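Okay, here's the structure, questions in a sec.
Naming follows writing order (A, B, C and D), and every chain is counted from residue 1.
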Amino acid sequence: MKVFEQTESEVRSYCRSWPTVFSRAQGSRIYDESGRGYLDFFAGAGSLNYGHNHPQLKLKLLGYLVNDEIVHALDAYTVAKREFLETFRRVVLEPRGLDYKVQFTGPTGTNSVEAALKLARKYTGRETVVSFTNAFHGMTLGSLSVTGNSMKRGGAGVPLNHVFTMPYDNYLDGATPDFMLFERMLTDNGSGLDKPAAVIVETVQGEGGLNEASAGWLRSLADLCKRHEMLLIVDDVQMGCGRTGPFFSFEDAGIVPDIVCLSKSLSGYGLPMAVTLMRPDLDVWEPGEHNGTFRGFNPAFVTATAALAFWEGEGLREQTLAKGEAVAGALDALADEHDKAITGRRGRGLAQGLAFTDPPAAGRVCAEAFERGLLMETSGPDGEVAKLLPPLTITDRELAEGLDIVRESVAAALEA
Amino acid sequence: MKVFEQTESEVRSYCRSWPTVFSRAQGSRIYDESGRGYLDFFAGAGSLNYGHNHPQLKLKLLGYLVNDEIVHALDAYTVAKREFLETFRRVVLEPRGLDYKVQFTGPTGTNSVEAALKLARKYTGRETVVSFTNAFHGMTLGSLSVTGNSMKRGGAGVPLNHVFTMPYDNYLDGATPDFMLFERMLTDNGSGLDKPAAVIVETVQGEGGLNEASAGWLRSLADLCKRHEMLLIVDDVQMGCGRTGPFFSFEDAGIVPDIVCLSKSLSGYGLPMAVTLMRPDLDVWEPGEHNGTFRGFNPAFVTATAALAFWEGEGLREQTLAKGEAVAGALDALADEHDKAITGRRGRGLAQGLAFTDPPAAGRVCAEAFERGLLMETSGPDGEVAKLLPPLTITDRELAEGLDIVRESVAAALEA
Amino acid sequence: MKVFEQTESEVRSYCRSWPTVFSRAQGSRIYDESGRGYLDFFAGAGSLNYGHNHPQLKLKLLGYLVNDEIVHALDAYTVAKREFLETFRRVVLEPRGLDYKVQFTGPTGTNSVEAALKLARKYTGRETVVSFTNAFHGMTLGSLSVTGNSMKRGGAGVPLNHVFTMPYDNYLDGATPDFMLFERMLTDNGSGLDKPAAVIVETVQGEGGLNEASAGWLRSLADLCKRHEMLLIVDDVQMGCGRTGPFFSFEDAGIVPDIVCLSKSLSGYGLPMAVTLMRPDLDVWEPGEHNGTFRGFNPAFVTATAALAFWEGEGLREQTLAKGEAVAGALDALADEHDKAITGRRGRGLAQGLAFTDPPAAGRVCAEAFERGLLMETSGPDGEVAKLLPPLTITDRELAEGLDIVRESVAAALEA
Amino acid sequence: MKVFEQTESEVRSYCRSWPTVFSRAQGSRIYDESGRGYLDFFAGAGSLNYGHNHPQLKLKLLGYLVNDEIVHALDAYTVAKREFLETFRRVVLEPRGLDYKVQFTGPTGTNSVEAALKLARKYTGRETVVSFTNAFHGMTLGSLSVTGNSMKRGGAGVPLNHVFTMPYDNYLDGATPDFMLFERMLTDNGSGLDKPAAVIVETVQGEGGLNEASAGWLRSLADLCKRHEMLLIVDDVQMGCGRTGPFFSFEDAGIVPDIVCLSKSLSGYGLPMAVTLMRPDLDVWEPGEHNGTFRGFNPAFVTATAALAFWEGEGLREQTLAKGEAVAGALDALADEHDKAITGRRGRGLAQGLAFTDPPAAGRVCAEAFERGLLMETSGPDGEVAKLLPPLTITDRELAEGLDIVRESVAAALEA
């Protein structure tokens, strides 16, 4: 590991929690070079919803590469892109009555968010974007502006402007009516809130501590946006592609955002890929006005197309919800058992976690889990939430095994 | 092609110049679904320096994927990353006497630039970055701020600040001494130029019109930076990895930048990958202060490691310089022949082009080339430069074939 | 009046409500050139707390000018400035146990605010300043940033940044606990609120609609600032110099701001003058780091010194409170009588008004009052408040006369 | 002086150079409380072009005050304002063929500049303003952004944006053609210079070191602005009202700015007053969109009207030019005599100075002059220029007396 310590920047982070060198992975398991296996309740921070190296996707990918099909083509038309677009329309958009246009941005979540922010500002001619407390949207300058974390914001080295932060759902434990302040400021000519171009929101805040917005809150937000002519951007980079059950995390709330950001599990195989979806009438881009070298990484389109097979029918959604209930049950039991140390269960679907009264306890839980052969990470502004993001394709047996390790790890961490 | 027009955003651009659907590619040729082949003098905008689907890289990549090695691991330690780091040190850094630390950023050029800008600001505690006229550094908000193109800047929707633009080498056709203004403003307490954190520069401005900085100009710039304690960032995203001959485009000038951005051809196979290199004492990042989901896309590390084999010895560099001379000869002849229509030859190595008096002529040249089975694009603020970026691995025969097509296309375009 | 319409910019405003040409004024009365007198319940927007051309001040001013004493001296030491400083310390600061240092800024309220904001940012090294909904702090770019009014903000022509707006006291009609959101955001590392340099507040928002902060709210705010190391700036430009009773409007709340802005009635005679008061340890200015040509307008120091005679003893304060009660009684009666049209009484001391359900009604009240020989203006984000700012030195008889006109004007305006 | 040191902020500056307490002043002389007189070659930093307490102005002012005419009226119509507007049109605008509308801003130069910047941005819908190296436009945030001095900029505490700095006339000692860079950047779509709303310029940079723009340079600038649809703002706060000879300092260049800022000597008596003049079609302000409490300080209108009597006929202009020649002669002789220590003479009209090779020498000259009974100050980014700003009304005898002191002071300072 010395070469890493000598040559890789101090910015490296996950490797500090998991001091080993990984070499292979399959499904829900990842192995280090000594051959030790780990159950993966981290799933590439939500990029591996179908597990590692899923055989169906792998076969498509290998076939594509073997045949010398197009790897890199910027935004030239390719067969692989056409198949992705057709499949995405047929499997995802049409059954949900959605009519989005698709922008292939640089292949990262933050690039999809940057494109969304630029488009919203261009379309409305306004600068301010409203984001929420504990939001996480990315590390490039535009996305960082709408991100809440103070350490990450401090890294910008310049003030982060053109943003106004509103409290997320239940931020004040129910002590104030939802959106009362927001609506008052929008209707008050003296509020100091310059009319926003857009609101950007996550339905569940993965990095922010697995805070979840209720369906009612999301509907009220969508309604507020409509009434005040603000565009609604849902950043579904982490919670989309089925992480909470449905393909889009906002489906159950019955809302239709104006712009949607997708990345992470979109390619299904861990290949970099991102898109920004937009209402057709918002598509006011000039050709090339936002571009990027790797926006046409075609192998990702191939695995993404293959991964959409999981979304023909309701199977995956139902399984995810069922597994989510299993997780909820296990975590609720832990929260009951350790009611002083654990504030409560957070999140939904297969994005759940436990919040600890003493933030370092969450980190100790993850460390104990690693010792026991399970990967999981913390989230939240103080790292106070131990976060479970297993692959959606995890077997019930693996899930049970992992939850057992979580239980032991919590006990061990709280004893310490 | 209807599905693209109906479903893909209007932001798409290259497809407008090349109205066909590509399916396969090998070496310097790319084929559309009708089977027609095109010589590729575009090379993924500089991302395919070793051509499409190079067999040596392909074999490594297929072997890696077949064996279920790690695809996605954020910044956990992996075998593939270790091999890349070791090889990069041995083949690239050590022989050149360089001692950089390596940050794996999100896998795009703009992300590498964003990291560089953040680090320079954090390290110095200053905000202003100096960039140059006609610079191109990317489309996310931080990189866009240091980019010159007015159409792209307009897409931001917010003012782009914390930047001061200086004239690039020969911007005023030699009418003013290099850096006279810059140095005067730095030493004048009343100049209004807030002391910069850094200067960011491309040695040849690929998107800006193939403007090239001379070795002397670059040395003077490096010297200016040292004397005034500004960090020197070289954005080698397009010109690095051998595009102008040496691995780093700044080698021949004998300068050592404080920070270097690499991406595009780094993976060698068109796989998204980017790094930011920094002087070790600049590595003041907190763990996780800049991150990104796809910063650990390991298949790219595998092909990147394999591609470094091209850099053992001086062969590739010499071949590129020789091919560059062939290109220069052909373009000079064209510039002589059409001396009213063509302003002159631009660029160096295998990044060269012809600047046209009437900007649309450059576009017509590219259109004629496409008709004749050659892909090339325009660059420059008015699209006035027809730009040749063939793979470094192109055969002499293919190069000659392509230059013939260029010759015919210029003639046809200027007759029109 | 034609010369005004032809030659003066369209930005002129008060003259549109009072279409006559004024020539003389004495005490609470102002006369137009036809000789018609008006009771002045406007008092130079709070700049004439001692009425027009008060004889005591006038004598001092005439004597000073006649003797060719210093009129303009930038910040050279002068006899007049020394007398002001000594008197201000003796009469204002020492009896209140205050230990401020005095900065003479450019002679306007907005300049005092700009100095306060700069000092707070310099001292703390932070950028963000928290201001409140419906705040008014001035029209230059720094002050405008912390001002709420959307029409005024729109005039900036650039985005107004480095500011976060919090709800003022009772902004949501008691539906949320005071400062709950503010404190939560300060203690939450993920809130997106960059740690503020300072909070700037008016104790009663004169332009914002005569919203008043309670003593308890102000104390909580001061406490919040102390606990989170934010500087507390009270902008007492309009409410200071006795407008609400005590010399400083924050005295009754028992708080001691870190920085205080004074202007308007400070000179007592309508002469431009402003100061910024600061805790001595905050005085980290470099000599000349903030300056301004008219910061040493000595005749204003002379009348300001003379005006401080009003503050020897408690007389003026008690009279103001008593007159304020008379005003409150009259306005309450009106609010009762017209309970559908009038939302309620606003403000305190001699800064009170009536808020109307239908905003234009407030404007009609002022127009009716002008017809009846009384000057008063509207305030609030929609101009919905008819605002009474009589001189503190108004006689009881004049006050009663004015309140009668207000009563008639309200009746007439609501009948219309 | 102890009360000053204990009570006045450290920001005080001129008093540090002139450690005495002033009490009276008449014409070109100012007296301290011990009765010692000083010739005033400072003139309130250009605010006292007609000397201290000019008898004609004083009589008008006393008469106005004695009769209880209006002192403070915001922007209500008054007799005094009407007389000023009529006289200003008749004496200043009409004879020069100018057709400006007049905005009464807050009564300081910086406020006039803030209004100009806001109007230019509002009118054009653009944000960037171009200013020049070593410009000085004021200390409030908008004006400070277009000011060059690094110490003053540092006081902002926030980054100063929306501005691009160009080299002033002769900034590079003739090594580059005027405006070559500026024009190139304006016409180059890739220059990174966002299309400017306006250019703001001083014809002679008073604070910046008495750098003067030639008539030809100013004409080229005006022409550039016209061709590129940028508004031309002349900040004539210090150089206007006859300081360089003509009423407007730009008259001799034959240009007509779109917007002009006036303050300092406008009232003629040291009373705070400022206006922004604008081409009538630029007057797109909403009523009250830019305002300020002391924009209607009527005694200043009275003395300003009286002062315009100096401008009936060509007398003052010619006398100023003649006196300017006398100053130039004396300074040229000094520069010749001390050609190693003195870089050269700077400025024109009655705004001239000597630049010293060793910057502290200029300060020592001023200190020696103070010892000898003459007030003068330094300017320039390093305080390297000893600056002479005598009243325009100085007698030839006083001027000669002062120049003698300057001569002795230079000798003494250079001996030290």
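Here, a contact is a pair of C-beta atoms (placed from the backbone, for glycine too) under 8 Å apart; a residue touches a chain by one contact, two chains touch by 3 or more.
From a predicted model like this one, the values you see are computed outputs, not experimental measurements.
Counting every residue number used by either copy at the chain A-chain C contact, over half are found in both chains.
The chain with its Cα centre farthest from the Cα centre of chain D is A.
Separating the centre of chain A from that of chain B, both taken as means of CA atoms, is a distance of 30 Å.
Separation between the centroids of chain B and chain C, computed from CA atoms only, is 58 Å.
Averaged Cα coordinates give chain A a centre that lies 49 Å from the centre of chain C.
Each of the following residues of chain D touches two or more other chains: 127, 151, 158-159, 161-162.
The part of chain A that touches chain B in the complex is made up of residues 1, 3-4, 7-16, 18-26, 30, 33, 44-48, 52-53, 58, 61-62, 65-79, 81-82, 85-86, 89, 101-104, 106-111, 114, 117-118, 120-122, 127, 138-143, 145, 151-152, 154-158, 161-162, 197, 237, 263-264, 269-272, 276, 278, 283-294, 297, 299. For chain D in complex with chain B, the touching residues are 127-128, 131-135, 146-151, 153, 159-165, 167, 171-172, 175-177, 180-181, 184-185, 188-195, 208-209, 380-382.
By the touch criterion given at the top, residues 158-159 of chain D touch chain A in their complex.
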